[in-house]
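Got a structure for you, written out below as structure tokens; questions coming shortly.
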Amino acid sequence: MSNTIGELFKLTIFGDSHGTAIGGIIDGCMPGLKIDRKKIALDLHRRQGGDDFFSTARAEKDSFEFLSGILNNKTTGGPIGFIIPNCDKKSEDYDDLNSIFRPSHADFTYFAKYGTSESAGKLHASARIFAPLVLAGAIAKQILVKSNISITAFVKQIGTISLNKVYTEIDTNTIEESPVRCPDKETTKKMIAYLEKVKKSGDSSGGIVTCVIKGCPPGLGDPVFGKLQASLAQAMLSINAVKGFEYGSGFSSAVMTGSEHNDLFIIRQNRLRTATNNSGGIQGGISNGEDIYFNVAFKPAPSIRKKQKTIDRNANTIEFSSAGRHDVCYVPRAVPIVEAMSALVLTDSFFKYKAYAEKL
Amino acid sequence: MSNTIGELFKLTIFGDSHGTAIGGIIDGCMPGLKIDRKKIALDLHRRQGGDDFFSTARAEKDSFEFLSGILNNKTTGGPIGFIIPNCDKKSEDYDDLNSIFRPSHADFTYFAKYGTSESAGKLHASARIFAPLVLAGAIAKQILVKSNISITAFVKQIGTISLNKVYTEIDTNTIEESPVRCPDKETTKKMIAYLEKVKKSGDSSGGIVTCVIKGCPPGLGDPVFGKLQASLAQAMLSINAVKGFEYGSGFSSAVMTGSEHNDLFIIRQNRLRTATNNSGGIQGGISNGEDIYFNVAFKPAPSIRKKQKTIDRNANTIEFSSAGRHDVCYVPRAVPIVEAMSALVLTDSFFKYKAYAEKL
Amino acid sequence: MSNTIGELFKLTIFGDSHGTAIGGIIDGCMPGLKIDRKKIALDLHRRQGGDDFFSTARAEKDSFEFLSGILNNKTTGGPIGFIIPNCDKKSEDYDDLNSIFRPSHADFTYFAKYGTSESAGKLHASARIFAPLVLAGAIAKQILVKSNISITAFVKQIGTISLNKVYTEIDTNTIEESPVRCPDKETTKKMIAYLEKVKKSGDSSGGIVTCVIKGCPPGLGDPVFGKLQASLAQAMLSINAVKGFEYGSGFSSAVMTGSEHNDLFIIRQNRLRTATNNSGGIQGGISNGEDIYFNVAFKPAPSIRKKQKTIDRNANTIEFSSAGRHDVCYVPRAVPIVEAMSALVLTDSFFKYKAYAEKL
Amino acid sequence: MSNTIGELFKLTIFGDSHGTAIGGIIDGCMPGLKIDRKKIALDLHRRQGGDDFFSTARAEKDSFEFLSGILNNKTTGGPIGFIIPNCDKKSEDYDDLNSIFRPSHADFTYFAKYGTSESAGKLHASARIFAPLVLAGAIAKQILVKSNISITAFVKQIGTISLNKVYTEIDTNTIEESPVRCPDKETTKKMIAYLEKVKKSGDSSGGIVTCVIKGCPPGLGDPVFGKLQASLAQAMLSINAVKGFEYGSGFSSAVMTGSEHNDLFIIRQNRLRTATNNSGGIQGGISNGEDIYFNVAFKPAPSIRKKQKTIDRNANTIEFSSAGRHDVCYVPRAVPIVEAMSALVLTDSFFKYKAYAEKL
């Protein structure tokens, strides 16, 4: 297990879907930071989803409690321990799952790795453990915003329906208005229609999230192995169900020539800028001051109502169908997770950047 | 700077394009491993390229010297220090570059981060520093092969020319026979024709490398933040010019439904297997015993003969064209780098896996 | 802040003296370990002290709750999150302290480092945050005992009263019978008499704890910078109030000659042993199979009833005397902390050892 | 193996006594630092010793070569790779040692840990591998001196002869004038007389080194597990032959009462200071602006001319005497190693300190 991310701004998380609470410890936050609890609650709520037809119905909102590191709503500089109660846990749901390895879930691999503790996969591999991460990311965002760094993610694709705009053309204010977090009314409609069809057939849908980081100064990232894009990739591929990451021109760069792809330098408003941004705001592993943007691909949720044939632990072929609640498409709910992960990576990079920023 | 990769099997590299040698230190290799120097030399040579029209002409092959950790051709258990002489360095090439920021190179960002040391980008950001990594990867491969784990990468796409076969259909023996490391004669021909055209226009081309890891047992990878795909993604995005990473179904999973995407379990030869492998051999961040495979996207080389307008450090618009040697397409030369990176990640994961493998 | 210890068996702690709970996360514990809660409770109780005249009176025993990583009393392999409620907190005690820097406390340095969050020192620097560490150590002991590794610490000196026996001459069963955890009746009496005198004068006393690790196989420890004694030293010097560490012959080795100090090899019961053990069970940074033993020096508690002159934050000279509860001598209560720290270091070393133990 | 020290200012070393060179990589040095090669050469020479009767005779001085990270005598910000040639190696010396485990050397434990590679202990456990560390420390000192932080170590005790002055009473300029690096003429004479006697009897002597760090600002060190004294202790106990570490009042604090030990705050030259410095410049794990000082105990060298009985690998009792060169007392030569280790720890702590120093 490896439940810590970051080197200077460090988050360690814990949690099982069956425990009384999940939570984490943020180590390395500077002292004196005023904490806006509403923004934390908002991001937690965004991750929960639950209001819409395509998501799991849930009884109540995640609450959270700080156990240390915050006094009078300000960070003390000490480790911030926090918990998020598991109000809605239904451990009995898992009992009948113990005899089968659900297809494309972590059940088999956790069993293979952790042996006798056969339930670990169902417990710790749950998407619910990203709630502590979203909480920590919400604090990281509050650090970054003081340096005018903002992070915004949205849904760019659901199944076969794709937003046909680049990120510079969208109105970010419309993201949260869309039930699928897609900042375009027409595309939102099509996505919903698509999801209704998928839902009807007892199936699930994948998708793509785009994330944009604005205001990042030049200088973040540590070559060779701490390149900013490498840290972002590691963070994104740590999110359950993520299958791919690309930044800037991404996979489409493969078909381009150098003369098409090169971002030529220009002077704009007395500052060195690039005329295009195929580099996605990162060159040589270090931020160059342009917008950082990247795409994250999510596979469709493996839990579906549709029946599928698989094998139980006794090697018998069985027909299997996921009971209980599950999302038709969790991609909209992944938006705040992608943002939180980005915020953690950026904050850690920022702290490292500062360690070398001025001469001793 | 962050020049170390791995936690138990650790590589730290150093090197500037202008120094007398580049090199590294491998820390954590088990003792008693017999070292096959020919295989190391072969991989170093594969990275160098240089025989073909689409690559940089180079005078001589990389040699290497072990300074510690190997006695009578066997590892001692101590750190393996090694150097690769820089026979072919032409430091004067860089002098005239100091006044401009080459487009889509690391010149500007290194300047922004490392300030007065304006040449760092040209020195340490050079692709040449991946030679030590290839050497270390060649040793890691020799560790893995003892557990029947093999790693093979090949070129899947160059510019607009793509191999229309999945990895299970190719003959890996033909990879090295192809001057572009594409295991298909027809596609190779088309790629060469494409590159000739690109070369003629003084331009460069991107591409995609596919990597396949066979024989990996179930159990490697450490959730949540050390998921095997996350470590692979971090390693791949650390390679110069890489813009994207996807494993298994990758970005194509976004358009699939759960019932299409799920890898149903079956029994094959008395072993639990999956009927399909959209998971790319990894579920819940842990290897499941199936083939691990992934794609890595490379942007076209930024150094081209074609003239481009950019800005020098005095904010004057200039016309710029890369002099000296440079590759029309370095994607074939990236193949051994992708393999080496994979081998480092797998070996480190294997060592961690062993730390928990049996009860104390 | 740096609240994590260990690389493979990792503990991260959090906690303020004023919060509703303190706690931690153990990451990297193997699955399937049966947890003996009574032994955990016992060690927590040993740290609390409170029954005797020389210790702080406390209302109730520390309880603890596992929030994740344990199912049906067995570890799952996932992170073990746990909390220890702060039943007995008296935050008001700290309010009047805010205006002064208590002598030889962390108040000033925390203020210097964490600035505006002036109370951090009083909150996080509290000895109470070692309770989570003792809990984690109690789990580590349960791992080690499966390999017949045992860890026993005792009080060797309090103030001017010293136990005149080497560790091989003592009966470890008598440690807990002694109210000062000294395994000798006569010395215990003298220590108590000494502490009564110290208490009467409103003062406090330092002391020395000896720790003995038996059953450690040869091979633990990682040269050069992960030498077993270096990891133990780092762990011990992390304990509040510790001023020195020595292992084996320790400081007394300075006056010895090589011929006196060398541990000559002999054969005993068909095993290679050493005739003496000045090496303290470690040679070249690696355990050699003999007993590991070391001493840890504790300064006297800075909080005393006796009045002392110091400076408040406004630079006024004031007379200061610690109000509220405090220990005349916390050295006996440090015994389980020293054991816990040792157990964490040993377990982490054991896991690393296993990672290389067999050939792949 | 664990050959890396530091987190932000990181040193990784390699080297065997038999290779053509030893060396290391410094990662994380800021760019633009002017390197004074003479100071590096001086410290390397101080470690070599060799001029005096009590030390090993050596043919020539260590030279060194930077392979990367330094351009026109200034750091570039990239990793600094360097080598120190092994001019004076005599590999044949080791051949006849292969059949015995030298008493109190690392031969047996390296054999136990690294198995078949039986010579690793003799190769990598050699004190010679501290030469790269001294080189890196000499660079770290050049970083620290820019913030007016100075590090000075000296010999406080050799065998039974001890310097009867506290560090504040000595004239540091006299340290290097003394052939035993003891800043007192009378004590030096006695130490030399003592060592002559020890040498005559074919034996060796231990000793104690004191190190003083002046000019360290308040705020360095990271509680709980990165306390400044804990990092120093880990570094010191990583040095071959070190058996103990104490800072400030150290082991003598055990016999003191709180009222004797407390460092009362006073105002001196408009700055908050402490009247005494039993704290050794560190409170709660964080530097307080006073001098940091500590003692490091060294055991006598295990290699002696005097014959001793031990066991060879075939379990035969043999008489053993160390042939070849060896020191009667290597404590004076350890002085620059203690300084170098301190410089590495301080620089790393300083960089971490800066990462949080100002608000984002």
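The chains carry the letters A, B, C and D, assigned in the order they are written, with residues numbered from 1 in each.
Keep this in mind: a contact is a pair of C-beta atoms (placed from the backbone, for glycine too) under 8 Å apart; a residue touches a chain by one contact, two chains touch by 3 or more.
Keep in mind that what you see is a predicted model, and the values were worked out from it rather than measured.
K.L.:
Would you identify the chain whose Cα-based centre sits farthest away from the centre of subunit C?
P.N.:
The most distant chain relative to subunit C turns out to be B.
K.L.:
Quick one: report the Å distance separating subunit B from subunit D, using the average Cα coordinate of each chain.
P.N.:
39
K.L.:
With centres defined as the mean C-alpha position, give me the subunit A-subunit B separation in Å.
P.N.:
Distance between chain centres: 26 Å.
K.L.:
Can you list every residue of subunit B that touches 2 or more other chains, as numbers and ranges?
P.N.:
1-4, 13, 28, 32, 77, 110, 113, 124, in rising order.
K.L.:
What pattern do the touching chains form: line, ring, star, complete or other?
P.N.:
Per interface graph, the chains form a complete graph.
K.L.:
Which residues of subunit A touch subunit B in the complex?
P.N.:
Per the touch definition, subunit A meets subunit B at residues 1-5, 13, 101, 103-110, 112-113, 121, 124-125, 129, 157-160, 198, 201, 203-208, 218-219, 221-227, 229-238, 240, 242-251, 253-267, 272, 274, 278-280, 282-289, 295, 297-304, 306, 308-311, 315, 353.
K.L.:
Provide the residue numbers of subunit B that touch subunit C in the complex, in ascending order.
P.N.:
Against subunit C, subunit B makes touches at 7-8, 28, 30, 32, 77, 143-144, 146-147, 350-352, 354-360.
K.L.:
Show which residues of subunit A lie in contact with subunit C when the two form their complex.
P.N.:
1-4, 10, 12-16, 18-25, 27-28, 31-32, 65-69, 71, 74-81, 83, 110, 113-117, 119-120, 123-124
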